[in-house]
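Letters are used for the chains, namely A, B, C, D and E, taken in the order the chains are written, and counting of residues starts over at 1 for each.
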Amino acid sequence: MKEIFRITIGLTISCLVAAVIMGSVFAITDKAKKHNEHVNVQDTMLGLLGFNKDKPAPRDLRFFSIYRYTLDDSGATRLAYMVPVLDGGKEKYELVVITPAGEFVERFPLKINPEAANEGHERELALRSVLRPSTGLSFADSAILAVKGKERLAYLLPSEFPGFKTFIKVILALDPMFTVIGLEIMEHEEDPGLGAEIVQPYFKHQFRGKSFDRLRELKVIKEPLPDEYKTALEKKAPDKGGLSKADLETLRDKYRDEDIYAITGATISSNAVTSGVINAAKKFSYRLKTLEKVIAAQRLAVSF
Amino acid sequence: MSVERIMWTVVVCLLPPLILSVFVFGIQTLFITLVSVASCAATEAVTQKLLHRPITIRDGSAVVTGLLLAYVIPPAVSFWIPILGAVMSIYIAKHLLGGIGFNIFNPALIGRAFLVATFPVAMTSAWLVPIRDFSIFKYAGGGIDAVSTATPLYVLKHYGMAEVTARFGSTLKIYGDFFLGWQPGCIGETSALLLILGGLFLLYKGYITWHIPVSILFTVGLLTWVFGGDKPFTGDPILAVISGGLMLGAIFMATDYVTSPTQPTAKLIFGAGIGILTVLIRLKGGYPEGICYAILLMNPLAPALEGWFRPKRFAPPKGAVK
Amino acid sequence: MKARKKTNSELFFNGILNENPIFRLALSMCPAVGISTTVMNGVLLGTAVLFVQVFSSCTIAAIKNYIHPRIRIPTYTLTIATWVTVIDLMLAAYVPEAYKEMGIFVKLIVAFAIITMRLETFACRNPVGASFWDGIGMGLGFTFGMMALGLVRELLGMGTILGYDVLGFRPLLFFVLPAAGFFCVGLMMAIFNYMEIVYNRRKKV
Amino acid sequence: MLTVATARRNALYCVAAFFMLSLVLGCGKEYRFIKAASFKGPRGISITFAGPVDEKWAKDQANYSINEKTDPDIYLRIAAISLRPDRLSVTITLEEDINQKATHTLAIKGIVSEGRNMGSAIVDVKKFYLGYLLSILMGAMIINNFVFTKYLGLCVFFGTSQKKSTAIGMGITFTIVMVASAMMSWFLYQFVLKPFRLDFLQIVVFIGLVSLSVQAVDTILRKVNPVLFKAFGVYLVLVIANCIIIAVPLILADNEYNAIESLMLALGAGLGFLIALFLMSSVRERIELADVPPTFKGLPIAFILGGLFALSFMGFSGMSLF
Amino acid sequence: MRDFLTFPKGGIHPPEHKEISERLPIEGMPVPDEVEILLQQHFGAPCSPLIKKKDTVAEGDMIGKVTAGLGACVHASVSGAIKNIGTSSHPASIKAPSITIQTDRQAPPKVFEPVDWKNLPRDVLLARIKEAGVVGIGGAGFPTHVKLAPPPEAKVDTLLLNGAECEPYLTTDHRIMLESPGEVVEGARIILAILGITDCRIGIEANKPDAIEAVKKAASERSANGWRISVAPLEVKYPQGSEKQLIQSITGRKVPGFGLPFDVGVIVQNVGTARAVYEAVCLGKPLYEKVITVSGKGISRPANLLVKIGTRLSDIVDYLGGIRRDLAKVVMGGPMMGFAIPSLDVPVMKTTSGVLFLAEDEADTSPHGHCIRCGWCLDACPMGLSPNEIGIYVEAGRAEETSQFGLFECFECGCCAFVCPARRPLVQFIRLAKMKAKR
């Protein structure tokens, strides 16, 4: 009996100690983790917009996120957008609920710190506090708007779609006219040497400069990538076998309206990325237009 | 009767497809094959020398492996690709495991799987359009990129049957061409006719039995017919059987003594397993052709199958047999 | 045979050579096969294992007198799991890129037989200092094994070492594939065996 | 004796009940007037009604709206609608191919049958759920075999694959513990760790649960069937040192699987381990007899074999069953 | 084509080579100067000598007797003086006790008085067989008097006479059946009388039509009064003459492993044994002479010889004009089941059915390779065993584990080794495995 008591005490103490250690480490690292992740995404986005160490981003460049949720309000499906608004110079979020057909339903101001809005959990708490308890809530996607001063620079769309093996996660950058600015592959598990080549500049940069109308009709062709095009896409410095700026421009113009050249031996991955990009752009442009209509009608003071 | 005799007979049976491939894909296929055979033989000799074993190139098994390895390589690859494949086939898949008789996996196919993993692009896209005018030097001097094409199974998998007929001609023409050997594909796998003739000769000599090839071809045909089309029972079993490496695999690779079971029932199961896996990979998998991996996947089952299907004992004593 | 107390340096080299966890003890093989594609991966996972091993060894060595023998194994598990959680959280926070690369394997350190084995056979019988050196040796042995594998695979598979382009081309893509991990470990073990055979032969002569 | 039989029978009932439950869940809900809705071809959806519907109503495109469930605001454009002569079934053809992996929502307005208005309905159209379950099972078991394509559980895998009997014993024990601990972990994770944001404790909790289920299986087996315990008890300790057993709960935590799907994954992982062990052991029993180079004897050659297995399992890469 | 009887599983068709000696009548070989009679001629215990050194013995005198265990006595095959009692090289290369007799050429030939056996009771018949030291001369040399007294619970209903002689080269049984069919059938009748049954079937392979005819004629002459003695023509297939296969071919019954023929109601005797029984019972002549086939391309003059037991092979070679230069190996017994012997000093035994002098082109002496698992040996094995596995296990030094493949059911017929494309000495492997597994 005494032994059992001792064992229990011992186990409890060690569990408590372990829990304290893990808990404190978690508390310390969690912030750092989030910060790092945020910085990472930020860097990628800046990179997509063409900013890097040599060409730092302007001070007045800001990113605003729109979060889209689907609501199940006792049988009726609703879309809910968390839209950043300016309220007396302060950044806040407001929730706009619309029907699938695009008609305005209701709107709520949200009590959420814009910094904390990065956190899915925080957002959910804020949403729950304004919605009816019975409403079903599920996060759909988000879009990021890059704004410089008053001018919209770009839309950044995190998106994921099934590839050859598992999901491919990308960020697609569109300009205000929905022309592709750039594509960055964030995560994938494609085969090395085949599907994994989607991260290579010669593939992902093919999407650059495709106008929205061209993008809609974009196809994947199974022809060898012309060498000059490849050189242009890889964009090495002129002293490393790259091209001069003028040449680059001419080549870009020449191939601007080309279809996507598939990666040799990885047609499935090429197709997956292409159709994923097309879908993301198409859906986003449609939704943005709907949302903007509602915003205009409601006279929301959005920050973008 | 001797191992040498069997192996060299297999070599002879394998030669007609090679000769044909010179006329279909050009003279460089001969060169690739020679490189493959030579490097297999050389690897065998060097390995056996290093391991202080008697050198047995003369028994022809390395030559057979070399030939088969070359036969499952596309005709437009660089010549050093088969050299690497040969090292993998003979050194790793054969001699490390204890030499002939213990190579659990078919060495030539391990070589091919290794090459597909190492040179995915070359091994899956260096196909050539068949030559029809005997200009066998057409592809010899390079310029291969411009003429590379797709295999029928690739087209079928990614674009459907309609595209196959659009590219290769009417159904009847396809049957004729493919059966005779005028289809894009690996060096030695295109001609169903010559492979069948070789197989029949081996069958006549009693070196192989019908069980494995027939059960593979039957299973593939049946399953393709059932599941291969848009709707059930609309697949094309004939095309499935005469295109790709199925014939070569079924007749010359799956029947390899070491890597297949010995008893008739076990052979039928083994063949059916290969057939099912082939169709599974062809229809649902990531590759247009599945016979190579299907055989490799069934090979390790051969020891178990042999254990399960022993010959019927004359009259075993009571309790001696499980 | 008389059990002689090993010096710290002996403990240290024991883990690296004589009882190399990967090539000699054949423990903790999963990451050796799965993610030894680059030297950097090896270094990182090795460091993680080193950390867990050292801390767990020291912890157990420190509290060994208070552990009730009947809950020995649960205590080990708890200790290891705690330190694994710590390193897991830290890696996730500070080196997210590499952490992503290593995937699930950092968490799987908890199931590594090598760590439990060292606790059971060494740390619970030796003082903290010796356990520390033993843990360092084992951890470094693991790191060394992972790095050796990573070196071969990175060089042959991508033509680079530590990310720097050495060969200028990618020789054999195969070595990047996880399947090659089996071959590399097998060949490496054979090399260790061969060295042992040669060494023993020398000693006889 | 009696208790053992009863326990067995009860266990059987439990299993049967479980599968019935999964069947019911798998088949989805009953709809009042719409009997079934399913994908038909690459861009079609077919709806079956309980009674004949009005032709004029049925042919009106405005009565249908289809969207992917996750995109309720983006309607798919309908190209054509066809009604079967018996007026019991409608096929809607869309303008573009349907992403059949996603669930689609089909809303039907004011169904008119025999002059009566049957009201509106919203139907989920998705692939056969059992097929999905099966693909999880097969995926974990063969296609993404944990040993040969995910490279987990290797220490135990190489340690217990020397003899067939050991391998099978280990595999079965492992599968049982795997399923038990994975299900417990899933429940705990879904209902405790996640809601209370304690996911950083997952490693401790999961390893604890594994030890617990090993202990539980140990105790139960010892009491219920001592014979079985004698056969399998020795492997129980090894199970804890197997990374698959901790990897599966971690994977479950990363993916949004429901209970049945988690069960399938755990079962698949266990059976896949069993298959891998069986294949490896039957092959190793043969290699034991071979003249393997002395430096490769034992573990090195087992690793080479593992590599060859992994090479052949690459044939499954990119396969999706349903 | 006629329907010949055969067994269903396994079997092979090796080249027969019987044409070398099948037309040569049995020829009595002159008595050699010295004979060496082994005291262990057969299955069972060795005999103890009944005489001392320098004793003189007459032809047919018993010189060795079994004192304990299973066995049969041995007799002097020549008259003369005992030169030595020592050890000799046994044909199977084991040193065995033997008696050497210096022939006395002046001694008169032995004359035997025939008796009418029909009035003798069963015990006497058996005793005469035992006295004469008759053993099964076709195979292992099992003492015949033991074999003919099966335990009472065994219900024997058929006697099978084995005249298949399926081994290539050998023609002794063929010549015996051809030249003295009456004696063979008479021997069968004696055995039937001892067993108290009436049915006898004589299995003869179809490649000996003349023997079939001769025995048929003799059998029909002697088949009156309820005796049912008939000839069963057998398909030419090796090992048709193996006991279990013969029983299956003729009666369709299967003798279970480790069982004996009387378990399925059958007794099998070689035709030569039947003739020896006749001689022992009717003439009182002990078994000290033996017909052997001397054949192969390596001997100058092949022959079917009637030799004294104990005649050394060197004497036979001298008598037949010596060996030829391309001799590769000497085999005692048939080429399939016989064993190669290292020297010509070994004497003929009761069970010796032939001596083959094989030239280089007849004997394959090239080295063997690895098993390629073609499975041909599995198809050839009449017992349904797995010789390939046994060979591999033996080579790997794990002979003890081979009993799972039915090691002890193997009777070493050699079919597997004959078909093996890798020329693996499977029979040697199996013998080795048996030795190790017994230990």
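Note that a residue touches a chain if its C-beta (ideal position, glycine included) is under 8 Å from a C-beta of that chain, and two chains touch if they have at least 3 such contacts.
Since the structure is predicted, the reported quantities are computational estimates derived from the model, not experimental observations.
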Legend entry - Between chain A and chain E, the fewest steps along chains that touch one another: 2
Inset, instruction - Please give the intersection of the contact partners of chain A with those of chain B. - result: C, D
Inset, instruction - Find the chain most remote from chain D, comparing centres computed as mean CA coordinates. - result: E
Legend entry - Per-chain Cα centre nearest the global Cα centre, belonging to chain: B
Inset, instruction - Please indicate which chain is farthest from chain C, where distance is taken between mean Cα coordinates of the chains. - result: E
Inset, instruction - Mind checking the centre-to-centre distance between chain D and chain E? Centres are C-alpha means, answer in whole Å. - result: 67
Inset, instruction - Averaged over CA atoms, how far is the centre of chain B from the centre of chain D? Could you give it in whole Å? - result: 34
Legend entry - Whole-Å separation of chain centres (CA-atom averages), chain B against chain C: 42
Inset, instruction - Report, in whole Å, the distance between the mean C-alpha point of chain A and the mean C-alpha point of chain D. - result: 30
Inset, instruction - Give the residues of chain B that touch two or more other chains, as numbers and ranges in rising order. - result: 92, 99, 101-102, 114, 117, 120, 286
Legend entry - For chain C, residues contacting two or more additional chains: 74, 78, 81-82, 85, 89, 173, 177, 179, 183
Legend entry - Residues within chain D bordering two or more other chains: 200-201, 204, 289-290, 293, 296, 301, 304, 307, 309, 311, 314, 317-318
Inset, instruction - Please list, in label order, each pair of chains that touches. - result: A-B, A-C, A-D, B-C, B-D, B-E, C-D, D-E
Legend entry - Residues of chain D touching chain C in the complex: 149-155, 158, 200-204, 207-208, 211, 240-243, 245-247, 250-251, 293-297, 299-304, 306-307, 309-311, 314
Inset, instruction - Would you pull the chain D residues touching chain B in the complex into a rising list? - result: 41, 164, 278-280, 282-283, 285-287, 289-293, 296, 301, 304-305, 307-309, 311-321
Inset, instruction - Please name which positions on chain D make contact with chain A in the complex. - result: 67, 70-75, 101, 105, 197, 200-201, 204, 317-318
Inset, instruction - Would you tell me which residues of chain B are touching chain C in their complex? - result: 84, 92, 114, 117-120
Legend entry - Residue ranges of chain C in contact with chain A within the complex: 66-68, 70-71, 74-75, 78-79, 81-82, 85-86, 89-90, 92-94, 96-97, 100, 170, 173, 176-177
